[in-house]
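A, B, C and D label the chains in the order they appear, each numbered from 1.
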Amino acid sequence: MQRFINDPDEVVEDTVKGFVKAHADLVRRAENPRVIVARQAPVKGKVGVITGGGSGHEPAFIGYTGVNMLDAVAVGELFSSPTAKSFLDAAREANGGRGVVCLYGNYAGDNMNVKMAIKLAAKEGIEIATVVANDDVCSAGPLERAKRRGVAGEIFMWKCGAAKAAQGASLEEVRATAQKAIDNCRSVGVGLGPCTLPAVGHPNFVIEPGTMEVGIGHHGEPGVRVEPLKSAKEIAADMAATVLDDHALPPGTEVAVLLSGLGATPLDELYILNDTMAEAIEARGLKIYRTYVGNYFTSLEMVGATLTVLALDDELKQLLDVEVHCPAMR
Amino acid sequence: MQRFINDPDEVVEDTVKGFVKAHADLVRRAENPRVIVARQAPVKGKVGVITGGGSGHEPAFIGYTGVNMLDAVAVGELFSSPTAKSFLDAAREANGGRGVVCLYGNYAGDNMNVKMAIKLAAKEGIEIATVVANDDVCSAGPLERAKRRGVAGEIFMWKCGAAKAAQGASLEEVRATAQKAIDNCRSVGVGLGPCTLPAVGHPNFVIEPGTMEVGIGHHGEPGVRVEPLKSAKEIAADMAATVLDDHALPPGTEVAVLLSGLGATPLDELYILNDTMAEAIEARGLKIYRTYVGNYFTSLEMVGATLTVLALDDELKQLLDVEVHCPAMR
Amino acid sequence: MQQLVNAASGEIVLALAQIVIENRAYLSEIDGKIGDGDHGVNMAKGFGLAADRIKGHTLTLAEAFDTLGTVLMTEIGGSMGPLYGVMFTNFAEVIDKAEAIDASAFGAMLRKGIEGIQSIGSAEVGDKTLLDTLVPAVDAFEAACAARRPFSEALDQLCAAAEAGRDSTKDMVAKIGRASRLGERSRGVLDAGATSCALILTTLAHNVQRRLQ
Amino acid sequence: MQQLVNAASGEIVLALAQIVIENRAYLSEIDGKIGDGDHGVNMAKGFGLAADRIKGHTLTLAEAFDTLGTVLMTEIGGSMGPLYGVMFTNFAEVIDKAEAIDASAFGAMLRKGIEGIQSIGSAEVGDKTLLDTLVPAVDAFEAACAARRPFSEALDQLCAAAEAGRDSTKDMVAKIGRASRLGERSRGVLDAGATSCALILTTLAHNVQRRLQ
């Protein structure tokens, strides 16, 4: 493992410490060391917006804590849901008296831990509403959308939900807007190289050189099919088609595009993909309102990329435009 | 090569195309396809600020084009200086009538091409002043600072120079401020894994597993020594010491810290490094004013990181605070 | 009638921790094939933490189960935190007041563990989860008791059924958890949770057997 | 007296392009050892582009050199763009008006190339650059001419000195360019530019020899 780490079991602890030191102007650590809180949180009278998830996806989830973004984030071990206690503590830190919305991804562990946190929070009089992201097209068929994984679409869910909360909306309004955002998202991932959990010490799965894994998950969950490695043009066109075939948006729809590297993919390659993706999206009569290209939601040092397309309406456009101050996005 | 590319000879072209599509709100391509221009440039009455360099360092150099940042950037082939013609065209695009400052890195090719561009520009009545970045501590001894390479410290040189120009300073003032910024920068790089020029098809150099290259250059130029791979703590402490021993800053000095991945290093590892670096910097009595952690200046898919420390005075602090709108930084 | 003295049996949990820690790499490897490769790491961390808390204290089995369950639930997260967490805290609840645990109490304890897991995870037998080990194992144990076999022999039945249950997951297509997204590609590999559950149950059974009075 | 007809000798530049393109991988490999591994790529791209412009046209050697130099200078960048660019445009300048090129004109042409490279790159012999091939080669050519050896034989001297010059870089420590940062680590490897320069000079010499009248 050619990596910058100390004790493999301390990767999360060391990451969080270094993160808080770098961004002390925006975030702080709660008493529970597995909870990151925005400096200004809780904001009295504002709906609290939280998320949580396994680590190893940096800048997700912690990097999206900030002004007009998430109020608090529960931090799990690498690729492992945070505890119910951490979700609960995040809710406590975010609670400004009007309830808390927890916007998280559809994974068994997160579902269970959030469920338990909701019960515990209710006992303290904190109402937690939830939205469960399920934007990953390849993780289940169109008739089983509720089974799909949440991936980089979560970023749009957070952005829109948090902006809505910042504008003074009620818990139900924030929940509904975040739900709309994720309902309007479709994502797909392609993996060219695996990742290694430091404590395991060898790659989680194998991607033979010259092949690629289409539909790969954010934790190295194998994709839906293995294909010979194609040109960037072909891969980008395939990814756009996968997402847009599932989406079926009327021509003229405005969309936001998020193209994220999985950790070890350099930025030039993401731009190379974007060149074709933008063309493919526009070829369907869609209008690209904004594009984000970078390492927004990663999987340790996996080589690969995800594409997320968010269909916009006036409300979502306006929420996307709200300025944010957080480590991971502008 | 598990990479997202098309024709290996078209990597730069495809990257630039995808880049301009993603950031059309901020940048445009000049008539010379190897020049990227900020949307608002040229600004009449403002000193133009340009740079240029080889590609493969994305988001550098193009990603720093924008509002209160660079006016135009000359784009070279992968790891290869732009042509004199491209530097000249960048100067033309940036010229608002008060001259142009070209802030670039100390590489033989860039030096020669800029020199030629200056001559050509002079014929058209465009005065080009230059600052040559030489922040890379390991690339030459302290008595030969003029020989040192420019690396990620260039970002601070651009940021401070561009902010100064945005405030209406004269060509000489902008040049002097950018010169001060780079004079106040020291950088060091550590490589854990090599990179591959797509047209070459195999890694440029070898880093044996279990070893690391200390003092590596941004183009895979071998470092000053090969060492057994150490823990993140030890590496970070070494890097901080290398930079600060060369810097000799009086206690109490405020500094900005930039920790950049080299392309394939995931963000969590950079935060792990930052944890120790921040401690090591503070242990010398220095005060960290701001920290940037991310893929700011890369080398294709090299595994590794660079640390840059910029010593601040009131002017530089205030220039660092000026808001920017560009794809690569906030 | 054979029974286990609750007092001082807390050490059994140390044996569970040991077997889990010994199988750290193996369990992660299985999980890596159709999951995310961290099952062994998660389990070893949780059981190791709990063992650290238990070591040097003389605990009843109920107290030790409660410590283990609470550590899993509050400090481990993932799927295993809540699932095994609720299983062990439920175990503890049933035997909490008992001075001695007979076969019937032991069966009630196991059953309550299943209930806890299903209440929170909503999986069924056949979904390719740890329930495919746990449910047939408990069924076999109860059947042996109903047939008036001695406690120790019922534990043998439990072990045999746990291992058969674990092996049954090999041919299953996962219907829940990460692996369920793989469809047919999830067939042909053991389930990681079913494998750890078999290790836990057989180690538990053997340690109980050695202490039966 | 042997001489080369300028008209229609533009094809010689195609031969230069061919040898550079054939050695693309080799030149990059050498550069990779102490530089950034792109010398062959840069050179092949520039010479290939120039060849595309020249192919199908009947050009004088001066015109072809000018095309090559201009392409390198305006479209290639890097170090090679300006350095070889100025060399070839300077070559072109000297022989521009000549109908035929004798040994003395050829020597003047080469000398002007060196001047161009030094004016822009400020390197010296011994710095481990292409000048370590070019300067001794031109010195040898001029010495042969001064000794009244025939043009063709002077070209043989040029080739021998170019190759010896190239080989001399192996033991040098680089004093300029990327490799200079390596200090002692730059010793033991040929310089990439010196290697490409030897290829260019020997190919140029052989093609001139074949055309001498």
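Keep this in mind: contacts are C-beta pairs under 8 Å (C-beta built on N, C-alpha and C of every residue); 3 or more make two chains touch, one makes a residue touch a chain.
Just so we're clear, the structure is a prediction, and the values are computed from it rather than from any experiment.
J.: Using Cα averages as centroids, what's the distance between subunit B and subunit D in whole Å?
T.: 33
J.: Distance between subunit A and subunit D based on Cα centroids, please, to the nearest Å.
T.: About 55 Å, centre to centre.
J.: Please compute the C-alpha centroid of subunit A, do the same for subunit B, then give the distance between them in whole Å.
T.: It comes to 29 Å between the two C-alpha centres.
J.: Where the centres are mean C-alpha positions, what is the separation of subunit C from subunit D, in Å?
T.: Between these chains, centre-to-centre, one finds 76 Å.
J.: Two or more other chains touching the same residue: where does that happen in subunit D?
T.: Nothing qualifies.
J.: Which subunit B residues touch at least two other chains?
T.: none
J.: Quick one: label the inter-chain contact graph as line, ring, star, complete or other.
T.: Looks like a simple chain-to-chain line, open at both ends.
J.: According to the definition of touch, which chains form touching pairs?
T.: Here the touching pairs of chains are A-B, A-C, B-D.
J.: If you look only at subunit B, which of its residues touch subunit A in the complex?
T.: Listed in rising order, the residues of subunit B that touch subunit A are 2-6, 11, 14-19, 21-23, 25, 55-56, 58-59, 63, 192-193, 207, 209, 212, 229, 231-233, 235-236, 259, 263-276, 278, 290-295, 298, 300-301, 303, 305, 327, 330.
J.: If you look only at subunit B, which of its residues touch subunit D in the complex?
T.: 9, 54, 76-86, 107-109, 112-113, 115-116, 138-140, 147, 149, 197, 199-200, 204-205, 217, 219-222
J.: Which positions of subunit D touch subunit B when the two form their complex?
T.: 25, 28, 32-38, 40-42, 45, 73-83, 120-121, 176-182, 185
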